[in-house]
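In what comes next, chain A is part of two complexes: it sits with chain B in the first one and with chain C in the second one.
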Partner chain A sequence: MPPWLDDFFWTYQNLVYALGVNGLLALSIYVVLAVGQLSLGQAAFMGLGAYSSAIMTLKFKLPFLLVLPASCIVPVAFALLIGGPTLRLSGVYLAIATIGLGEVLRAVYLNIDWFGGALGLSGIPERAGIGSIYGLLAAALAVLWIIGRSHIGRAMEAMRTDETAAEVMGINVPRYRLGALLASAVLAGLAGALSAHVSSFIGPNEYGFEPAVTILSFALLGGIGTPIAPVLGAWILTLLPELLRGLADFRLVFNGVIIVIAVLFLPNGILPFRLRRHGRP
Partner chain B sequence: MNRRHLLTTALAGATVTALPAFAQPAAIQVGAVEILTGPAAAYGIAIKAGLELALDAINLKGILGGQKIALTVEDSAGDKNQAINAARKLIGRDKAVVIIGPTLSNEMFAVGPVTNERKIPTVGTSTTAAGITEIGPYIFRTSLPESDVVPVTFKKAQARGMKTVALMYANDDAFSKSGYDVMKASADKLGVKIVATETFGSKDTDFSAQLTKIKALKPDAIAISALVEPVSGVVLQARQLGIGPEVQLIGGNGSNSPKLGDIAGKAADGMIVGSPWFIAKPDEVNQKFVAAFKAKYNKDPDQFAAQAYDCMFIVAAAIERAGAADSEKITAALAKTSFSGVMGPFAFTSGRDPASADGVVVLEMNGGKFGIAK
Partner chain C sequence: MLGQQLANGLILGATYALFALGFTLMFGVIRVINLVYGFYFTAGAFIALYLTRNLGWPMAVAFPAAAIASGVMAIGIDGLLLTRLRRVGAPELASLMVTLGAVLALYATATALLGPDIKRFPASVIGAEAMEFAAIRITQAQVLILLATIVLVGGLLALMHGTRLGLALRAMAENPDAAGLMGIDTIRLAALVSFISGALAGAGGVLIGLNFNAIQPYMGEAMMLRGFVVIIVGGLGDIRGALIAGLLLGIVEVLTAGYIASGLKEAVAFAILVAVLWSRPAGLFGRAVTRRA
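And then the complex of A and B:
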């Protein structure tokens, strides 16, 4: 590799990682939004994945190949705990419960010394890389695309547009909702584990309400017609602050203006297209 | 049409970013990562001001036979990922040979491993938590860790007759927690009995439960480790609950801000705080710095500006001694620093922390303003 290309890659290495991780987070919120539910617990699930994987690596010295799949277990357990009761109700109960989950977990990380308290966990070895991050992102995209085109995808879209009608048509709505929440917990948990293993430090304040809203905005900007749309939204929102670095003090202003313009003129996201489906296979 | 808009703006942004790299090829590139936007921006802006004031003086005569230092300050917005991106951009694109910053200890824990791996000397001017310089052999700091400042304050309190102390701290913030650990260790070391340990959140406004409990225990002193806003709240409520001047109030580094007087007013009178720097320090170097700062920015410098001001000189002197803009040589030169600035005499320990806490002064609140404690 020529030295300038090496330097270029080194400079943007963290950004390249962040694009992949945020892509996974975008898919995680997409799965929930695709069945017409609103969850603000993506950051909390990500935190669970990050903390559980960091502890497995730091305290139990487990190999990363084992840590990565195991990092989904804790978020899935919490998703079951929260989703079980709330998903049987209609309305915003999932959103409320997941906001609560994020805040409760933050207090737990802070008050239990084993989680590092306010100092967080540092010195996490760099185990993840381009291969693991983009491999998982590509796999997740492919699986969601295939599911989206199948009869499950049709059911999901039906639920999103009109829940009552979907239920009358014989779709088991609570089951689909829970399935979506579990899938989203898996994706967020993986994203958390990957990000913890590329940035060497995690702290309790990284997985609160604010990042949850950022993750939601990935899908708002990109759209939820296809799985690729929220990923594109995530990439734009991750790249913008770095592309605008040259504007120095005005960079957040421009960042905000661009997002406002995009949302005003493209209310269905920048990729408003729907998945194409043929007859039931 | 809108998509095209987005693309043009993004491209324009990219072009603007690319330009400064070609602007001054001869200058020595130094990068700084500081919080310039967001809730903690006050710290980063003060640091940037201190760095730039020192840079003006350095570039007046230049170093290494007339070469200038080009300082690029990148914003981290207090965010771990943006701090890493900024440091990588400064090293990879701007070819910075030294990195100053980042502002917060949490950011240093994320940025340090990256710069250390690349063997770029990194000097923190405001990172006081424990374990910073243990990240690696290229990580330095010029800010005194809490473990150097707090014992001085505690000794002062003990000289005034403190035998028992109640500790209070914000448990949701790395800086406050780290300060509490040091307070606890200092009390143990001095043989001061800790009668109570109470915690609160940085954004709490009601501390009456904790203070009522402490009042009943009648300690000689209350030591508080938190940022200035919650400390002010604690002090105000302590007075309301009838905790009078017979109880010595002790603050950590977070209380060392003029804001304490602005918010708590006379309620904070009698509180003592250890500080590596004090605006009214009488020596000539400090008075010149304060005058120059006021002339350039039309406001008083704070501790963060003072620390940054010294750091810029320390870095420039290390480049001069290294004889070339080479990171490896600068690291070696930094380790041999012997400097005297606004904070007093300065050298690094073999662990790359400040060697002496001789510059620490104990300040006391009086009439809503800090003065040197007698």
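And then the complex of A and C:
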């Protein structure tokens, strides 16, 4: 590595990691939005992945190759618990059931000593890095792109546009919704495990209401026509506060305003293109 | 001891019911899960704080004034956020997302402007002296909460089921297009619903602020969690359901805090939410609705 690149990396290491992790989180919310649902539990799923993976590493001394895939188990279990009943109901039920999840889990982390209480868990060894974060991001993008172009992607788009019509055409709507929610829990869990293993510390206050809304703003800014769009949205929203230091206190205001403007005036995001499909693959 | 716990639970539950009332009314009539609702709760408390502490108004005047001011604020904000979506006939989720973004921006602005620290009413405006009935202590603020809940719930039920305006609101809840064709001014009624629900949230904020004497920008967010539980358990849009579910939740929370662990209050509320979704998704007292295209 040339020295200037080395310097650059050391200065911006955390930002580079954050870009990758937020890209994964953006894909996680994308999967749910792509079937016309709204889950606000992405940050909570991420927290579950982070906490469960950190505990596996710190208390059970498991190797990272085992911890990383296992970090999806707890988020998926919670997604099943909440998704099971809500996915047969209208979309607002999933949103409501997940919106409180992060706050509830925060209270649990805070009050149970096993999770480190208010101090969180620290001393997590740095096992993840550029390779694992961006490798997983690229893999997730590729898989979602291929799925998006298949008949599954067509079904997802049909559900998003008109659920009743999609159901009448023979699409098993609850099954697709559950699949999407589980996939999003997997992605968020992985993102949580990766971020825990590059930052060495996780705390109970990192996975509440505000990060959940920030993750949603990634997808709403980028759009959900293609999987790359929400990732782009995540990168813009992660880089902007770095570029505009003065924004620091008002970053959340900014994220909120982005959501309002995106829903009201840019319903397709800044990358409004759709995946192209030919015939039936 | 148990009697005191039950009384505390009942009063806490009354504030939950009061808070959830406007929330569920909003969904019942205009089909919007309005997440800005929690901010009106915060706003009510801060307005009352300003009126009593800075202007020296008595609580009896500041309380209704804060509720009305929150209601007026709700007309403005809801109009700004939701009118456009209603015009294009956007789905429920769009309004949920807009209000989500807006409430995040509003909380963050309030925190930046007012500071994140906890503020308190001056000692002179809260009646500190408590009354005792058969070994159960109740403070004046708690009596005020119970009275306000009874008056406001009763008033709302009377409005909805006893007046022509209530009939129009229920018609609009049933089918806004048909209601519009029958000559009901749905835009004005939507503004009225915003006002009522904003005023109820503001009133709830003042009462909770008085009860715990702790006011800070994010107080509405903690309340929203309970609001969700109450409106789902009571059935979305069901006023009587919200009243009963609110009281039940308050009692369950106080008993959990008293006999198990206070840190698990939120988890218990959430467990109730998930249990109801699994067993009775239309709410404890609701009937399933058939979906039409």
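One rule holds for everything that comes next: the second predicted complex is superposed on the first by the 256 of 281 C-alpha atoms of A that agree within 3 Å, B and C clash if a C-alpha of one lies under 4 Å from a C-alpha of the other, contacts with A are read in each partner's own complex, and residues count from 1 in each chain.
As a convention for this text, a contact is a pair of C-beta atoms (placed from the backbone, for glycine too) under 8 Å apart; a residue touches a chain by one contact, two chains touch by 3 or more.
Worth saying up front: this structure is predicted, and the values here are computed from it rather than measured.
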Practice task
In the overlay, answer first, second, both or neither for which of chain B and chain C A:122 touches.
Solution key: first
Practice task
For A:97, decide between first (touching chain B), second (touching chain C), both and neither.
Solution key: second
Exercise for the section: Considering only touches as defined above, state whether A:199 meets chain B (first), chain C (second), both or neither. Expected result: first
Practice task
Based on the superposed arrangement, let me know which partner A:164 touches: chain B (first), chain C (second), both, or neither?
Solution key: second
Practice task
Tell me which partner A:252 touches in the superposition: chain B (first), chain C (second), both or neither.
Solution key: both
Exercise for the section: Pick one for A:263: touches chain B only (first), chain C only (second), both, or neither. Expected result: second
Practice task
For A:209, select first, second, both or neither according to whether it touches chain B, chain C, the two together, or no partner.
Solution key: second
Practice task
Scan A:110 for contacts with chain B and chain C and give back first, second, both or neither.
Solution key: both
Exercise for the section: Scan A:239 for contacts with chain B and chain C and give back first, second, both or neither. Expected result: first
Exercise for the section: List the residues of chain A that touch chain B in one complex and chain C in the other. Expected result: 110-111, 249, 251-252, 254, 258, 262
Practice task
Spell out the part of chain A that touches chain B in their complex, as residue ranges.
Solution key: 7-8, 10-15, 18, 106, 110-111, 117-120, 122-123, 199-201, 203-206, 236, 239-249, 251-252, 254, 258, 261-262, 265-266, 270
Handout entry: chain C-facing residues of chain A, complex
Key = 36-38, 40, 81-82, 84-86, 88-93, 95-97, 99-101, 103-104, 107-108, 110-112, 164-165, 209-210, 213, 216-217, 220, 249-260, 262-264, 267
Fill in the blank from the handout: In their shared complex, chain A is touched by residues of chain C numbered 33, 81, 84-85, 91-94, 96-98, 100-109, 112, 221-222, 224-225, 228-229, 231-232, 236, 261, 263-267, 269-270, 273-274, 277-278, 281, 291, 293
Handout entry: List of chain B residues in touch with chain A within their complex
Key = 2-3, 5-6, 9-10, 13-20, 36-37, 74-75, 77, 80-82, 84-86, 88-89, 91-93, 106, 109-110, 113-114, 118, 129, 131, 171-174, 176-178
